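One structure is given below, encoded as structure tokens.
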Amino acid sequence: MSMAIALSIPKGERLAITGPSGAGKTTLLRQIAGLSHPQRGTIIQNSQVWLDSSQGIFMPPQKRNIGFVFQDYALFPHLTVIQNLSYGLPKGKPTPIVDRFLRRMELSALAHRRPSQLSGGQQQRVALARALVREPELLLLDEPLSALDSDMRHSLQNLLLELQHEQGFTMILVTHHLGEIFKMAQSVVQLNHGQITASGSPVEVYPKRALPADSLTLYGEVLIIEIQDDHLRLLAWIDHQVRELKLPLEYRAQLQLGQAFTLTYQHQQAVLAPL
Amino acid sequence: ACSKPSEELMIATAANVQYVMNDIKAEFEKESGKKVQIIVGSSGKLTAQIREGAPFDVFVSADTKYPEEIYKQGGSDRAPQVYARGALVLWSKNLPTEGLDWNRLKEDNIHKIAIPNPQTAPYGEAALQALEKTGLMPAIKTKLVYGESIAQTAQYITSGSVDVGFNALSIVLSSNMKDQGHFTPIDTALYAPIQQAAILLRHSENSLKKASSEAFYEFLYSERAQQIFRKYGYR
Amino acid sequence: MMDWQPLWLTFKLASITSIMLLFLATPLAYWLAFGRFKARGLVEALIGMPLVLPPSVIGFYLLLAFSPSHWFGAWIESVFGIRLVFSFPGLIVASVIYSLPFMVYPIRAGLQAVPQSLVDSSYILGKGPIETFFRILLPNSKPALLTAFVLTFAHTVGEFGVVLMIGGNIPGVTKVASVAIYNEVEALNYSMANQYAMVLFFISFIILLFVYSVNNRLLRVRK
Amino acid sequence: MSMAIALSIPKGERLAITGPSGAGKTTLLRQIAGLSHPQRGTIIQNSQVWLDSSQGIFMPPQKRNIGFVFQDYALFPHLTVIQNLSYGLPKGKPTPIVDRFLRRMELSALAHRRPSQLSGGQQQRVALARALVREPELLLLDEPLSALDSDMRHSLQNLLLELQHEQGFTMILVTHHLGEIFKMAQSVVQLNHGQITASGSPVEVYPKRALPADSLTLYGEVLIIEIQDDHLRLLAWIDHQVRELKLPLEYRAQLQLGQAFTLTYQHQQAVLAPL
Amino acid sequence: MMDWQPLWLTFKLASITSIMLLFLATPLAYWLAFGRFKARGLVEALIGMPLVLPPSVIGFYLLLAFSPSHWFGAWIESVFGIRLVFSFPGLIVASVIYSLPFMVYPIRAGLQAVPQSLVDSSYILGKGPIETFFRILLPNSKPALLTAFVLTFAHTVGEFGVVLMIGGNIPGVTKVASVAIYNEVEALNYSMANQYAMVLFFISFIILLFVYSVNNRLLRVRK
């Protein structure tokens, strides 16, 4: 597969990368990290040249100050969870940050286990924590939450957003999850066969309708759809809950089980009730 | 360990004379008050080591070939000298003495015959000569098994791995091999004498050990030492 | 003039020994890696023991055991009709015993490094332990197998203490190249020893070079 | 963790297992497969006893005729894709089935690659295909589609349903994806800490919230509140995103920074757009 | 009466040789496993060469090379002030050369079996090749390192051909246990040879048993 990609991310932004299986997402992250060498190319981070094939410049990965959560975790099997987390810290750096991440990722009870004694999701959280404790300038995440249930997924999404807000790192997130794109990313790049096929803000890339400025758009997925009398009864996963919607029959053709959708409300009609 | 190692005599000794050398060493130490260290090895190995500067003072070889070689290469100012003549025996663990007969070696119930490797051991060469002279060689050639040294040949014989074998009289008579089967001496007319020679190795003029080395070398040829050699079956 | 027979004997001995050991050592290595038993450390330590005794001493003990006047040697002779002293089969048996650790240890380490999940997968796909061993465990321990084979082969080529003792240095039967070289050195025939050594060295080098080149080519394809 | 689970699945049914990370889902599948031994227990499949610890009966995994897609794929690294697929077939069995699966999973072009030369999603598809070619009676799937984009995910979900329909195998699917549960499973079991916390049909296990059928209520928190001309500008955390709302000025008195509120929409005004 | 000095010399020699080789062989193994160069197969084959020549012949060549009358021996003596023939340092150098393949081959196989993704991870976490080597590659090659160490150690304990030739069998300096046993056997002092052999065997067995038991305990914890 040949790849040809031009991309620029403002410092401190959150970019999602998406695209079908084999599109080149992992390859792109590995090239940014310096783990794969593109035949030709230039990578500049923060006015520092990481790669310039025409001038033979190549900065090795260990100098780049990045965090990377690999699709297959790549945890160190001979180290415990806490040792995996501490591995990347400069010696003498205080461990409070390690403890904090263990707590925030609900890993404290597992601190002294080895990766082989962890469940899939637990391993994935260790991989994420390991990348974060170093407080990198650039965080590369290759489907970092794919093995997690939705509660854990949401709480880690929030944690990531918080951290990004606090520390201001640039974040590149590979995900297949539309909800995650909308929630996590300011812009999204769609890859296919090693080429960018679309890019922009999530709403631009996945537009269905021009949204009025004074509206609220929610992301949802179809769970059950039934025809009832004169309307459709839709059970959907919206805002972290199963909700029931009534829709006009003409939506029938457009909706199927599992399908993602947006739901836009004109908020003038909203009733707000303080708690 | 108590006397200074630099003053200890180091006597390189061919394996097959080591039993005798222990007695000689004891005698010499008693007589001279010097410490002697016996370094045992095969004659070939010791020769190679001496050529490369091994810190030995006297080399007591199993034959004359190796000391001659050293002398030729300039390892000594004095030509080697024969200190004893070895005697060859036919030896078996299981066969009785009457059975140790030349003609029986051809028989089918004798499967294997051990001789020391003629290429490296003088007793092997002597055994070979005897076998040729008696005309047995063609008949028993395929039965031959070659021991690396006289000692290894003795192991073949005493372990019963071979039915019979050639060896040195000094070995058969040694205390370790007492009552290990039966032996008979070989007619000395059947092989050239096994001349075992020693050589005094070169020392620098100011060497602390020069005098004592010479003393030891001389001692080998003294009546006292020759008596010991005879006791072990040398002539 | 150089005699080629010892060289031929050497490579015959090394090949047969290595191949026999491969068959003997892999089950043993498997058992050590995966077997369920208490005395693992004991067995592992025992396997290394042939190495700690001088070869000629091992040879000596084997000579005693193999000798027809010892019950073991007598038993072997009566059952298999083979006399192990001063015979080529005896050299093979002795080499196999002596080189056992060179084969067992690396293979054991290699087998142990194969992820358990691959073994699980194979079981799930309906294959029993034996098929799993041959089709999954062995192919995934290739570098370790190669190491074991090369160490065993090269060591058998060079070994002479055991072989000299138990073989009796019989031309054409048990006089292998290492023994021949040893003899020439002992007899101070250095130029002949050099010739033998060069040829042995050269042939062995070509064999190992071939083995490693093929292996590296294969590895490259798979990376 | 101690596990105590009693479960029965009618032959040919599709069961989903879900639950938080570390709940014991993988462990349960491994026990069913015979790869882990529970301390005590009984497993009976189709009136055949697979495990009865009280009688010391244990049928080894290779006799159980199951398919298993592992969470970490466990592909054979020394075999090509096609060799991985063929591995489990009895010798002499025709390869058309292998070809068919290669095609249906869009793997034909990759047939002669080794796993290390595949992307994460490609590996996952190979693992699924390898489990399916043997036409097992019982299919155990541990998050088998987690690494796939939604198009591929939907098409493989459909393929699995089709195959299950044709062949009638029993299927146990571990998934975190609510949409997948509703689409794929007839019943669902929720695990937590090694115990079943809920089970039944998806609709029973995930009842819709008690909401008026014709409205949607969201939970929110006030982040920023400003008075602008004739209205309030509210920045709020709603549905895991920062959203901007315009509100009439009279809300000013009721709202303060950090305050929680509900926002209810009359869904007649909603515009739904499939993605 | 048994002399303990040869035994002490033996374990001193085996320990020093194994430890020195560990330091020499691991970089070499790393280079073979990951280095970018054409002649890999050539170097790999060369490393095996000390094995294919009989030990006493290697000893002979080393004797020639180390001798002060040879340029190499003279050079070593003038630079380091060490004479390698008939001295303990000489035994160490010779053992290191002779046992090189036992250390390099298994370690190389072990390093090569470590997944590349772990190395990548380490780089990403800011560690350079050296720290990655010590903290990731080596710990994940433990069974291979153990194999290499045990083979080298045991082989050095038992080896006597090289040592006898280059060491000259000098009591307290180069007369190691294997040579002492060999001597006793040659002197037909079987009972003394047996005693030595038993003690050597027993001590070695205890050492290996200890090594393997500790190792198995560690492995069990990590599984």
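As written, the chain order gives the labels A, B, C, D and E, with residue 1 at the start of each chain.
Please note the rule applied: a residue touches a chain if its C-beta (ideal position, glycine included) is under 8 Å from a C-beta of that chain, and two chains touch if they have at least 3 such contacts.
Note that the structure is a prediction, hence the values are computed from the model and not measured.
Q: Where each step is a move between two chains that touch, what is the least number of such steps from chain C to chain D?
A: 1
Q: Touching both chain A and chain C, which chains are there?
A: D, E
Q: Can you check how far apart chain A and chain B are, centre to centre, with Cα atoms defining each centre and the answer in Å?
A: Inter-chain centre distance comes to 86 Å.
Q: Measure off the straight-line distance from the CA centroid of chain C to the CA centroid of chain E, and report it in whole Å.
A: 19
Q: Using CA atom averages as chain centres, what separation in Å is found between chain B and chain E?
A: 35
Q: Compute the distance, rounded to whole Å, between the mean C-alpha positions of chain D and chain E.
A: 54
Q: On chain B, where are the residues touching two or more other chains?
A: 45, 48, 152, 155 - these are the residues of chain B that touch more than one other chain.
Q: Identify all positions of chain C at which a residue touches two or more other chains, and write them in rising order.
A: Residues 60, 182, 185.
Q: Mark out which residues of chain D touch at least two other chains, giving numbers and ranges.
A: Chain D, residues with two or more chain partners: 72.
Q: Sort out which chains touch which and give me every pair.
A: A-D, A-E, B-C, B-E, C-D, C-E
Q: For chain C, which residues are in contact with chain B within the complex?
A: That would be residues 60, 63-64, 66-70, 83, 85-86, 164-165, 168-170, 182-188 of chain C.
Q: Could you pull out which chain A residues touch chain E in their complex?
A: 33-35, 60-63, 65-68, 70, 72, 74-78, 87-88, 90, 114, 116, 130-131, 134
Q: Which bits of chain D are touching chain A when the two form their complex?
A: Chain D reaches chain A through residues 18-23, 25-27, 71-72, 118-122, 124-125, 142-143, 146-154, 157, 176, 178-180, 182-183, 202-203, 206-209, 211, 213-214, 216, 218-219, 238-241, 243, 245-247, 251, 254-255, 259-267, 269-275.
Q: Spell out the part of chain C that touches chain E in their complex, as residue ranges.
A: Contact set of chain C toward chain E: 40-42, 44-46, 48-57, 60, 101-102, 105-106, 108-110, 112-113, 143-144, 146-147, 150-151, 154-155, 157-161, 178-179, 181-182, 185, 193, 197, 200-201, 204-205, 208-209, 211-213, 215-216, 219.
Q: Okay, in this complex, where on chain B does chain E touch?
A: 1, 5, 10, 15, 18-19, 37, 39-41, 45, 48-49, 52-56, 149, 151-152, 154-155, 171, 174, 176-177
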